[in-house]
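Chains here go by letter, A, B, C and D, matching the order in which they are written, and residues are numbered from 1 within each.
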Amino acid sequence: MKKLTVGIAGAGRIGRIHAENLLGHAGARVKTVADLAPDRIRAWASGLSIPNVTADAGDIVADPEIDAILICSPTDTHTALIEQAARAGKAIFCEKPVSLDIGQTRQAVAAAERNGVLLQIGFNRRFDPSFSRARALVQAGEAGEPHIVSITSRDPAPPPSDYIRVSGGMFLDMTIHDFDMARFLCGSEVEAVHAEGAVLVDPAIGGLGDIDTAVTTLRFASGAIGVINNSRRAAYGFDQRAEVFGSKGSVAVRNEWPNTVEFSAGDGVRRDKPHYFFLERYSESYRLELDSFLDAVRNGMPAAVTGDDALRAERIAAAAKRSFAERRTVAIAEIETEIWQAG
Amino acid sequence: MKKLTVGIAGAGRIGRIHAENLLGHAGARVKTVADLAPDRIRAWASGLSIPNVTADAGDIVADPEIDAILICSPTDTHTALIEQAARAGKAIFCEKPVSLDIGQTRQAVAAAERNGVLLQIGFNRRFDPSFSRARALVQAGEAGEPHIVSITSRDPAPPPSDYIRVSGGMFLDMTIHDFDMARFLCGSEVEAVHAEGAVLVDPAIGGLGDIDTAVTTLRFASGAIGVINNSRRAAYGFDQRAEVFGSKGSVAVRNEWPNTVEFSAGDGVRRDKPHYFFLERYSESYRLELDSFLDAVRNGMPAAVTGDDALRAERIAAAAKRSFAERRTVAIAEIETEIWQAG
Amino acid sequence: MKKLTVGIAGAGRIGRIHAENLLGHAGARVKTVADLAPDRIRAWASGLSIPNVTADAGDIVADPEIDAILICSPTDTHTALIEQAARAGKAIFCEKPVSLDIGQTRQAVAAAERNGVLLQIGFNRRFDPSFSRARALVQAGEAGEPHIVSITSRDPAPPPSDYIRVSGGMFLDMTIHDFDMARFLCGSEVEAVHAEGAVLVDPAIGGLGDIDTAVTTLRFASGAIGVINNSRRAAYGFDQRAEVFGSKGSVAVRNEWPNTVEFSAGDGVRRDKPHYFFLERYSESYRLELDSFLDAVRNGMPAAVTGDDALRAERIAAAAKRSFAERRTVAIAEIETEIWQAG
Amino acid sequence: MKKLTVGIAGAGRIGRIHAENLLGHAGARVKTVADLAPDRIRAWASGLSIPNVTADAGDIVADPEIDAILICSPTDTHTALIEQAARAGKAIFCEKPVSLDIGQTRQAVAAAERNGVLLQIGFNRRFDPSFSRARALVQAGEAGEPHIVSITSRDPAPPPSDYIRVSGGMFLDMTIHDFDMARFLCGSEVEAVHAEGAVLVDPAIGGLGDIDTAVTTLRFASGAIGVINNSRRAAYGFDQRAEVFGSKGSVAVRNEWPNTVEFSAGDGVRRDKPHYFFLERYSESYRLELDSFLDAVRNGMPAAVTGDDALRAERIAAAAKRSFAERRTVAIAEIETEIWQAG
């Protein structure tokens, strides 16, 4: 089996994870990493035997030997890179969100389609062994028809103000994973959204016009109801749970722990906190999403997470944002119509 | 310690539970049970050494030896009995809901206050060892300021159509327990309600103008957000969970099981279902709520669950019903104003 | 259905539990309670509407109206009472151990057989919903052929020296429950015993010639191996677990808790301790063993726990005691032969 | 930081795991892999960019550039390789058991000491995050003085007869991990052993003079009691649990699962089986033990698991084997004296 040759745009936290997961991978090798601060990453790249480091992601796009690009650079660079890579015929893996503007996302997705290149979006949680097992059980009908899809998603600590400022807001930055998960688990499309939000964690977040606590209710086309509760700060770490409750039963995903030790003493029974954050909790999912991408590229199969999935999640996020702002239920059709008119 | 003398109006399922819990009780004895079908209950009452059986609850009210009445008869008899018993100076324990009409509930509560008698409402779940422990932890500040209060409350099977028809609807019949629990756990009052509902369990329920599946979002005065998910039918039994998530941590109540047996085999790990329904799950809470009532009567203390608690839960239910009907968020103040004007 | 008339010999902790469990029981009423300190129990008996209190258990035996006697008096009075009650034709329920001398136990059991009266032994744990469910799964073949039966049995605190002194030693006083449980769960008889013991909890126990910590290994006739670990003091409460591991899987019983609350915070996840001791952990089993006894009496069925069960558990305890003393594996046949020769 | 240069003797299952764990490792690179069937491993080695493949482990020993050797070849080659590598001044990591003959193990360990080279033994389970966390809690005194150390260790399926034949028997092949774990968790040395064994899984194992089911009791110098239960076949996968019960509480390690999904339905609550076997359950421990070895080499620190640890575990295994054969408790001192006399 010939190895695929891969370039990575952006060597921040997530770009490095992907590069390390490709080390000694049977199906791929990393040829080039692009980063705006190339000197910062040379030692790291050399330790991984990555041959090329560049400041210009264009070098990846222009390299005919490179089969696929992983776009891990800042969000505002995503759509331009997707369009360039699409024209160059590269297979594309892009981190979420594709952009903060649904119109731009739509154009980038269209560019990939037009050029016939594979585009996979980094909704990594779908590949987590627990969430993918839950989805498989639901798809196999074990829970019957879904009635209620409930997701708990809380971060251990809020991001810094500089991040919040350019994040697009909580719904687009954080809940977007949960919107995708809700669709993935329910197997039906969201038709309407009602969002309740608050600033309870950090007044600075409120000062930036954002919220840090939210409960979002979804109405699915199937009639099922979804509900997502979010917080930017859980004192005990990363809280990532979900439940699909249906006519035949309930499929639940619980948190994961760094160890299984239980300590019983005179003052009660204790265990350590769950995993701290996504790097620990979702490490396996990053490996598996890349395997899925590489398999799809090699076998000419559709992506497991498509541009359409990105667009749909972004639309739900836009509806949630508007619902909270206008204190009313917002139909997804409203957002679609506007995009269409704007496009 | 002199035993209190108790009369019970209504010897249905719940009236019998209370009578049995008073057997050999150090602090009370049952003198009279009233039931519209007295012949149906004579053998049962005799086995419990209850001296009197009558068809007329008025006999209890008129008996000067009786200190306290437990009102366990159908909902539409509650307020009249409360008013009679209040005038007779009896301590009153009344099952929930007090009535299907908030105005009537308000008058009954006022009658008890006017006559200076103790009135305790049967929100038994507050006395469940797990829910009361959760509340104690929250009150002690262990979870910090509550941010999100999440309740899962699902019955094992829907009631028959005859019951649905006179129940006042899902919010007033079933979710009312959860509205009370949300207030109890959060320690703050509900200001606004948004309800999403559906008919997914049984079309007959929809035919009666009711729903069987709901997700209700609450806004508390403290800024916290509440969310309750309900279903009339969980295939695996009675699902009664709650979580208070706050600035310092999370306090969670989980389901309870008839046994702890875990069976591991070649096809996975299994255990039996949770308790089937409220008689099994909340048996301890019925004992404890009665102990609390009797203690309050004896010591001249206020009731642990007051008429005001009944009124508040009924108002939230009314707001939820309207929110679902009108597809908008409804403020509790709307309901209060109307009652006031109507009163 | 005519109620059975019951007398209770001994109104200590366990005698009172049985009396309270019979309050308002559909199938039985308590007529007489005998206690060496009758004045101490009159108020309690009156609160339960028990008509007679006496200092002499002989009054129960002599009362022709009494159908059944519950023997809850000190161990050294058991065999004489069994023999008297047997001659009087009473059905007999006797707490464990029957005696501290296997020869005496054998004679008492024989007396019951000779007189054709029912004799049930108070191995209450068999009736615990979790242990009885585990046994049912094993009997149904779900675990396949048992290979290893493992029991953890630890008390929250050691008894006082005065109790230890007359207890017969840890194996006969405490582990005897586990010996019965091992037979019950495995469905095979014990053939040989190896006991390892130590004094680690309290030197005073060692000073009395007893031990407070033990690991006992059993060889069953089926070839299965049993292992029991005991301690007189678990800092976190009553630890009562068991596992039957077999050719097809494993059936495990876990501890039970006073509530299900889980508290997650910055320093970890906590819950309260398990139940403190047998009164809390096994309250249901006491109710159920009495129901079983009364059913057997009424229907002329054999006892669920027989005199033979008592004898077998006492023999295993004797073998364990000798194994520890002589630092060798002891066959049950050794003990049997000696009893036979002594008899 | 200069990378250490490593050679690996033996590219079976475990040698490959180590090689893959060193891919892109910041502190080491693999230069040479030796395997008796070098052609079988060339493609694999090339995919990992390992420069040299050889049939002769002597090439690793002779290579002056190589700092450390990982001995993953068959057990009967271990001691000769240790002695050669020790003379060549290499740091040595050797899989367990060092040999099937304690005298040979002693000589190999002595050779490493004499030549002043680091020797670490592959008791990988010590590095498992749960077991190492348990040990840390015990060492910190959280459980108080250990009283009972209980280990459950069951494989999912027995090895083939060809493996059993050269394995040294269950105690030396399988339980040896548990003997090491018991010492590790208890923090005290074993003084005496009593083993009960049976052939319940596969008569073929009995035909080879071995057993497949065992319960082994240990007496520690501290007075604590240890107990290990083993089976060669658990229908539900790899069962690896442990508990240290002490004067202040209990520290327990539970099984680990491939996912956290819980499925509740009308016939009960289910989850998937635990991890199938050691490759899944202990994958993290293999990474961490190698990191520990490399750190020790680089910093001139003692090994985390020493030759003495290997010797002590082998002695306990020999005592267990004799205890089972002779049906008596065997003191470790017996084994030590014989080795000494034989040496």
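FYI, a residue touches a chain if its C-beta (ideal position, glycine included) is under 8 Å from a C-beta of that chain, and two chains touch if they have at least 3 such contacts.
Predicted model, so just to flag it, every value in this text is computed and none were measured.
Two chain pairs, A-B and A-C, are weighed by contacting C-beta pairs, with A-B ahead. Of the chain pairs listed in C-D, A-C or B-C, the one whose interface repeats that of B-D (more than half of its contact pairs identical by residue number) is A-C.
Rounded to whole angstrom, the centroid-to-centroid distance between subunit A and subunit B, based on C-alpha atoms, equals 42 Å.
Averaged C-alpha coordinates put the centre of subunit A at 40 Å from the centre of subunit D. Distance between chain centres (mean CA atoms), subunit A to subunit C: 58 Å.
In subunit C, 234-236, 248-250, 264-266, 272 are the positions where the chain touches two or more neighbouring chains simultaneously. For subunit B in complex with subunit D, the residues that touch the partner chain are 234-236, 264-274.
Across the complex, subunit C meets subunit B through its residues 20, 23-24, 26, 47-49, 129-130, 133-134, 137, 142-143, 248-256, 258-266, 272. Of all residues in subunit D, only 144-145, 147-148, 150, 152, 154, 194, 196-198, 200-201, 213-215, 217, 219, 223-225, 227, 229, 231, 233-236, 239, 245, 247-250, 327-329 touch subunit C in the complex they form.
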